[in-house]
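What follows is chain A paired twice: with chain B in the first complex and chain C in the second.
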Partner chain A sequence: MTTLFVALDVLREAASRRWLLALFALIAALLVAVGLSLEMRVVDGALAAVRLFGEEQPSVEVQSVEVALRPLFRGASFFIFYGGLFFGALVTADFAPSLLAPGRIEHLLSLPVRRSSLLLGTYLGVVVIAATAFLFAAGGFVVVLGVKTDAYVVELIYAGLLGALTFAALYGAMLTSAVFVRSAAASAFIGLMLFVAGVVASFRYQISPSFSSDLARRVFEAVSMVVPPVATVGNLAMEIAASAPVDTGGLASRMAGMVIFGAAMVALGIWRFERMDF
Partner chain B sequence: MEAALEAEGIEKAFKNRRALTGVDLVVPRGTCFGLIGVNGAGKTTFIKTLLGIVTPSAGSIRVLGGAPDDVRVRARIGYLPERLALPGAWTATTYLASIARLKRLADPPLEPLLARVGLASARHVKTRAYSKGMKQRLGLAAALLGRPDLLVLDEPTDGVDPIGRAEVRDILREEQARGATIFLNSHLLSETERICDRIGILHAGAIVLSGTMRELATSHTRWVVRFAAPRDDLAALGFVPRDDGAHTIEAEDEAALNAALDRARGSGALLTALHRDTRDLEAILRGEVER
Partner chain C sequence: MKHIKWLLLALGLLGVATWLMRSGEPLDTGPRPRTRDVRMPRRASKSELDRAKARRTLPPRPFPTEDVAHHEVQDPVLRALPPRSEGDLAVVVEVNAIRHSPAAEMLLRCMDAEDKARLDEIRSSFGIDPLQDLDRFVFGPDGTTIVSGDFANLDLDAVQPNKPNPTRASYGDHGTILGRGDEKVAATWRDEIVLLADSLEDAQAAIDRLEGRAPITEPALRESMTYGEAYGYVSPSLLADMLPERDGLREKILAAASEVELHLDTRSDVGVVVDVKGQDPAALEELGVMIGAALSVSRIQARATEEKEFAELLDMAKVIPDHGSFRLEMAVPLDYLAKNLGECSVASNDTPR
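Let's look at the complex of A and B:
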């Protein structure tokens, strides 16, 4: 129960932070801009013409809205997934170090709250914030494009959920790094490093042969096996958003890997946190 | 009397230094105990070991009959850290409501509590606009939530104005009157002297002196003596003149004291008053630190 109270406090704190509200305002502004700049003429469920920022798009063929908009949903998913991870890592980096700040953590530790609850509550709160942002952006695109075309493609929501799950894995590492060094900058750095490393790890089989040294190749393969495959999941999110068929078994194993990575990172953070003096 | 705090042989070593070198201390329930010492003596580290925030390297601690890391024990403790960091975007009411939830208190009356610490008019102001003294007052309110059995206060009047200090003193007296034990760490020795009925001096990581204020302040070897008329020749007999016309004399026991007085009377001096010398807390602390 106290874990939930801590998580709710994280949400309250987030609601009072201007830059976090600014992020949501930015997403909303972007959605409004897309809504206002994109004009689509739909006749009998088929897309007849598209105008973007007032310019007629010449290459539009008359075809089903769902089919015609697939590239758009792919692009939206790309924006939501990668933009969400990037900005999410930056915007949420301060939460755990703020909780662990001198003068605050001592007081929290004196309360009848287990240390694990403090950390889990913070993790849960931040992940809920990130998931809300992902779903807000994804849902916004669904609504904006739905209003324009009468085709409400909810698959974009699934893409948003994949982004939230990937962020949860990355934030596990960010949280744990904050326990070790209590720095927002270090936490953000770890998040962004993992983000980039996750993109690289997604292409491990293509990159691996380029290593001339056998040892270097083995090290790369070992490290990239542990890192969450961000780009792989990102591509799956885009495929889902475009209603393309995906390998559900592969998707499930990727997601399980994300959950295991995030849980392992949080467990490491709790293990360290339980043994720390403040 | 049952003890609120029992520390035995508490040691704490950090990487480069030994903060606590063997603290033995018992604080009876219902008392107001003041811990004093110079900077770096280990006071804050000791307080943190009492609360389970710092794990001792050796020794044992019992707080309110249990272990400091037991959440049931911590539910009965109110703590004000030395430098309380508050979420800047929260108001006093939001902050206290959060602490109340974490203490699992069902809908405690926050407005009277804020009024009690003098923050009623600032309850809707965001804490980032608070002065140091206001933050301390809010921290005290958080510590008082739930009527704890033990209040551990680290520099509670730091940054608080003189009127506020008097208010804090009144609150602490009220808390003690209802049965709470108060463990106070303050650099303001006059405050400690006025509030606390028991004092402990922590020096170089160990309690070097502990007892009631009366016990500590009263010297066992130094006496103040008044004679009917000032006599310069008494200095040769061991009587040191003071600015107020009295003399002091060091005497290991009553026999030595009487022997000295006999010598003075033998020289013609007439004794009019005699009492043990007393020192204030500052003098006691200096004496222990310089020993």
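Let's look at the complex of A and C:
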């Protein structure tokens, strides 16, 4: 229960931060810009013409909206997933270091709250904020494109959902890094490095043969094995947005792995946090 | 040591996470709709230009004026066709090419015993093998049908329209009129062409064109449009029959479309391109949108009724506007055919030869 109170406290603190509000305003502004700049002529579910920023787009194929706009849905899914992870890692980087800041941490530790609850609550609070932002952006795209085309592609919501779960994995590592090194910059660096490593790890089978040294290849395969496959999930999010069939069993397995990876990182952070003297 | 449980938990969770994240790797994201993979017959390829060139087996005719020079064709099948009037049909089916296409191979593999018996009956009745000896089949203007191929072993009595009283008369240098039935007249030219015409005069006119005795007129099909495994003009009413009828689409097609050119490619998957032209660009543009909308509605209905495979086919159908005309493109991937034909479509050694 105390974990939830800590999480709520994080949410309250986030609400008081203007730059988080600015993030939501930025997402909203982007959605409004897309909504205002895109004009489509839709006849019985078929896209007949597109005007972007007032310019008639040449050679638009008259095709079902859902089919014709698949590249757009893929792009929106890409934007939501990768954009969300990138900005999420930057924007949330100083939550944990500020929790551990001198003066505040002593106050928190004097309260009847276990250290593990403190860290877990912070983790949950930040993940909830990120998930809200992901779903806000995804839902916004669904509504804007739906109003424009009458085709409400709810599959875009999956991009937000998968983005939020992937962020949970990244943020676990960011939180733990903040416990080891009390620095927002280091936390953001770890988040972004894990993000990049996750993209590389998604293509480990393609990259692995390019190592000339057998030892280097084995090391790469071993290290990349434990890194969350960010791009694999990102690609699946785009496939889902484009209504392409996906291996749902494989996707569920990866998402469960992502969440457990985040939990493992938090457990590591708690182990360190429990042993620290303040 | 008392906090070691968190470290052990972290390591345990990391092991489980790794196993879950990597299980079944690499992850198959499933087949994507293959619109761009399907070869669409939009223009003649090098091999098709070479094919058309190789078919110029007739000697050129002397033309009276320069303006009819571009009407000259030296391909016997194209020259035998009567001139086309507006709205008439002229479609060539490259039977031999289609027979050797992957799609036809699949269909042949799925022939049942009854189909094979029918094929054997044709072989014994006519003396030719439809799977080997036919080259092209043409549905021409004025009800003319032309079949080209190797007819050296053709039993001429079998193609007599008036079988009880067979007649055979030579016409021209290499023509034979095979008798007059109630409705059709059959004729052959060399061992290359068999034709069915509505009247004796039409049959004789076709042989006259082949042998250079008829005046040069605009051909029903130009050599430049002989690409794909089926090509030609169909009537706007036939296009209207092919598409789902809704909101007066049929009337709109008949009013706006004056020329409908069709090309079909079967070299890998099956791709169909239909070019629609008309006199009124605005009406044609509106027609393109209506056809696109009709396909879209059919797709939505197919999705709603769980006809997923048909909906996937409609995913790949589209209308492309092109300044006063539009192109309708449809694709049937081999995967779709295989899925619908079932296991019989898988390659084995008993394909009919």
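FYI, the second predicted complex is superposed on the first by the 278 of 278 C-alpha atoms of A that agree within 3 Å, B and C clash if a C-alpha of one lies under 4 Å from a C-alpha of the other, contacts with A are read in each partner's own complex, and residues count from 1 in each chain.
Following the convention adopted for this analysis, a contact is a pair of C-beta atoms (placed from the backbone, for glycine too) under 8 Å apart; a residue touches a chain by one contact, two chains touch by 3 or more.
The model shown is predicted, which means the values in this text are computed figures rather than measured ones.
Judged by the touch definition given at the top, the superposed model places A:Gly250 against chain C, while chain B stays out of reach.
In the superposition on chain A, A:Arg218 contacts neither chain B nor chain C. Counting the residues of chain A touched by each of chain B and chain C gives the higher count for C. Using the contact criterion defined above for the overlaid structures, shared-chain residue A:Pro229 touches chain C, although it does not reach chain B. Overlap of the chain B and chain C interfaces on chain A comprises residues 275.
Across the interface of their complex, chain C is touched by residues 43-48, 59-65, 67-68, 116, 205, 225-226, 228-229, 232, 235-236, 239, 242, 244-247, 249-251, 253-254, 256-258, 260-261, 263-265, 267-268, 270-271, 274-275 of chain A. Of all the residues in chain C, the ones that touch chain A in their complex are 3-4, 6-7, 9-14, 16-33, 288-297, 299-300, 314-315, 317-321, 326. Across the complex, chain B is touched by residues 1-2, 5-6, 8-9, 12-13, 16-17, 98, 101-104, 106-114, 275, 277-278 of chain A.
Only residues 14, 48, 51-55, 71-72, 74-75, 77, 79-87, 89-90, 94, 98-99, 101-104, 139, 142, 152 of chain B touch chain A when the two sit together in their complex.
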